[in-house]
Amino acid sequence: MAAKLVQKFVDSYDDGKDTQDAGCVRAVLAELILTFLFVFTGVSASMAAGSSGKPGEAMPMATLAAVAIAHALAAGVLVTAGFHVSGGHLNPAVTVAMMVRGHLTKLRTVLYVAAQLLASSLACLLLRYLTDGMVTPVHALGAGIRPMQGLVMEVILTFSLLFVTYAMILDPRSQARTIGPLLTGLIVGANSLAGGNFTGASMNPARSFGPALATGNWTHHWVYWLGPLLGGSLAAVVYESLFVVNKSHEPLLNDF
Amino acid sequence: MAAKLVQKFVDSYDDGKDTQDAGCVRAVLAELILTFLFVFTGVSASMAAGSSGKPGEAMPMATLAAVAIAHALAAGVLVTAGFHVSGGHLNPAVTVAMMVRGHLTKLRTVLYVAAQLLASSLACLLLRYLTDGMVTPVHALGAGIRPMQGLVMEVILTFSLLFVTYAMILDPRSQARTIGPLLTGLIVGANSLAGGNFTGASMNPARSFGPALATGNWTHHWVYWLGPLLGGSLAAVVYESLFVVNKSHEPLLNDF
Amino acid sequence: MAAKLVQKFVDSYDDGKDTQDAGCVRAVLAELILTFLFVFTGVSASMAAGSSGKPGEAMPMATLAAVAIAHALAAGVLVTAGFHVSGGHLNPAVTVAMMVRGHLTKLRTVLYVAAQLLASSLACLLLRYLTDGMVTPVHALGAGIRPMQGLVMEVILTFSLLFVTYAMILDPRSQARTIGPLLTGLIVGANSLAGGNFTGASMNPARSFGPALATGNWTHHWVYWLGPLLGGSLAAVVYESLFVVNKSHEPLLNDF
Amino acid sequence: MAAKLVQKFVDSYDDGKDTQDAGCVRAVLAELILTFLFVFTGVSASMAAGSSGKPGEAMPMATLAAVAIAHALAAGVLVTAGFHVSGGHLNPAVTVAMMVRGHLTKLRTVLYVAAQLLASSLACLLLRYLTDGMVTPVHALGAGIRPMQGLVMEVILTFSLLFVTYAMILDPRSQARTIGPLLTGLIVGANSLAGGNFTGASMNPARSFGPALATGNWTHHWVYWLGPLLGGSLAAVVYESLFVVNKSHEPLLNDF
């Protein structure tokens, strides 16, 4: 049975001696599976919502709300599901922000991001097959939004996402750590309603990468890497510098 | 009083000596009542939403969102309500996935699934009476979706549902077990927005069975059995093989 | 200062010697305030949504979703807020179901229901003033729904509400008691989407009473008393008879 | 590096010796950042929703629902994120209500409100730049709503917000303190659906201030200060006078 073989392979590379640490191979596999499910759900809802094929066209607010709710619930549940295995990043902006502050090794960062990009690509290619080539909506700038404006908006929205992640989950004083991963999904929903019609409200380079690859439309794609990576890392630096009181010089969480 | 008689009957068959185990008769009754309420709520909302009688016709996203929210909230609350009595399955795909990994006896599996199908049928027949024969929307493939494509989509959506169930509720490392049942409802909402206009996003053979029986429309009905059963069991095998670290060879939960 | 006087009055009638019991006067005041806020929010959202003045006219699903979300969130938060003071009923169907099973004295039941009806009436009359006499939407049967059909639907929807209340909050085996009150609100949302266009999905005689009083439209008003009272009491009897395992013959909660 | 300098500045003014108290400078900074993010999200969603530039024009309910959900989720998550640092007010009505009952010094009250107003102004001005001067929707009275009517509605909606804040978070008997901050956001959502088309449902002078400053439209602006401040303080007085049983004459929470 294939599952037995993969399990054996995972066990041989992953000692899993710490019950708090699922080990690196397991964590990368979790990122792969969960990012696939997140992008599959989000992009499928966006495809169902998109009547025209024109990138960046504004959606009616009620349609945008449906798409935002799909992303919010999927992110909230999938991050909760993966939290104890890989940290439940599903997003290179989260992974890089963790690495910047020393919560993740460089090797694991590279493996996480690779898994996230691969997962997003597979989800988008599969959706093309499942819908007989229906157009995949790419993240694009809304009418009249210049790249620099879009960049600033992505910086702010991702700053918001990472700032609350730090405050609710990584700050030991937080009283809401159990529901923290769910709430990171809910802020994704709020931010999608705020920025959806201006930049697509990506906040996640992996979420932008798959549709770009599936359609070959790379216009302004750099905005969706630079914005989230800048905004996320800025939030990490700001929160840890200014708001973490008990600076005991130990890593906050080994497995995050 | 009838309640006294039923109670006496239940007590005579169900010793209930373990406070962690409501006993098999109680559990099957709970599956019957909760699945009835879930299907009644979901199908009633779908009937209210459906203007045309044409199966598989795409709904506007805002209408689909209303239907998805009804399913998400009903599933989240009803699974939470039944969790300590029967495990709160309400879904043959969940029940079979539990059985596949040895968390449920074969007898209980058969009784659960029978109760779920009976409950769904009763709910749909009652709704026909309450609405004077309004058409019950059946799960159907969207325009241009072939059976194999619909099957793959149901596999993936149900994989998602069961994967998070395992991760959040059955994995002892999870820190979100209290809110886990609620979140299984929320992922149903996200997945309904993703797949609603392509396959109906059933993820649950019992949810598909009642409307098919009430209308006599069994077109592609097998997709809504094979997809969820395959996807759910696959998730169970993948999660337990690869992500459960502490393999202590004891059943994870006796009463699940 | 008026507040001092009322406080003195409350203190003189209410010893509050049990920190688990806010005392009867406080509890009735809480029911008054919280039911007022619930009906004010729900009816105000319904007034904003209602374009025509025709009772029982079906709303587009996206409009119904907006109204359902308002009721769901208001109920979930306000029940949570009042839970430790009065039990957070806000609904005669809940109060009577508690009384039927002996969790509430007859005197307190009468006072609760009186406070709930008074609160609903005040909220609806105030909304007429605030909107210069805009029509208050009353609960009414949808096109083609006969009273007996509407009655059965209200029975089922309220059965659902009280069944989950018993399972999540009153059953000592429940692991979700903290979030239980919030989830009773969420099932109100799901049920509103299911029954909103058929009966208005009241599940709460107080919620129906205020608009009827404010408009003088009492058509089929009895449906919104008989249905919820029957459905709620039935759920209480069924849950306690069949699903409460540890029948230790002590009251489950003194203050509920 | 700028972050180092700011951190040094914060440390020099803020001893942070109490792990329960992030210190006043940190708290004011948190209010600044979180209010900025809340107003940015809420106003950006309102801008995306507003097709016409006419203040006070009613939105279709599904559009209003999208805007209400954005405010609800943003408030719920951001208040949760800031709760352990500053109390997570993000709203002068909350700050003043805390001060009225002695939970906050006058100095801190002034600093919090100044930070909230500055943050709201910055968010609105930035949004003008990012959207090339798109019109910022101001809070305004709906068609036919007179100022006194709008004032009463803002009083009631803010009373609701502060009453549940006291009941869920500040009352030591509450069993829902962990999810309390999230639920304050959810009641904002319900109240926005109730009052959005009548007064804009501000409940927050800072949320109203930024758009007024950015557009220079100060019509009826006083309604959005007087209503929330009156309603919030009234709720604080009513709850503490009547519903807090254990009056042990110690401050409820030092850091709130």
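A, B, C and D are the chain letters, set down in written order, and residue numbers restart from 1 in every chain.
Rule of thumb we're sticking to: contacts are C-beta pairs under 8 Å (C-beta built on N, C-alpha and C of every residue); 3 or more make two chains touch, one makes a residue touch a chain.
For clarity, every value in this text was computed on a predicted model and none was experimentally measured.
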From the C-alpha centres, identify the chain that is farthest from chain D. B
Mind checking chain A against chain D and telling me if their interface is mostly the same residue numbers on each side, over half, or mostly different? different
Once chain A is fitted to chain B on CA atoms, what angle does the rotation have, in steps of 5 degrees? 90
In whole angstrom, the CA-centroid distance of chain A from chain D equals 28
What is the distance, in whole Å, between the centres of chain B and chain D, each centre taken as the mean of its C-alpha atoms? 40
Residues of chain B that touch at least two other chains are 60, 62, 65, 69, 72, 178-179
Looking at which chains touch which, would you call it a line, ring, star, complete or other? ring
Every pair of chains that touch: which are they? A-B, A-D, B-C, C-D
Note: in the complex, chain C contacts chain D through residues 3-4, 6-7, 10, 16, 19-20, 22-23, 26, 29-30, 33, 37, 40-42, 44-45, 48-49, 60, 62-63, 65-67, 69-74, 76-78, 80-85, 126, 129-132, 177-179, 181-182
Which part of chain A faces chain D closely enough to touch in the complex? 58, 60-62, 64-65, 68-69, 72, 144-145, 149, 152-153, 156, 159-160, 163-164, 167-168, 171, 173-176, 178-179, 183-184, 186-187, 189-191, 193-198, 237-238, 241-243, 245-246
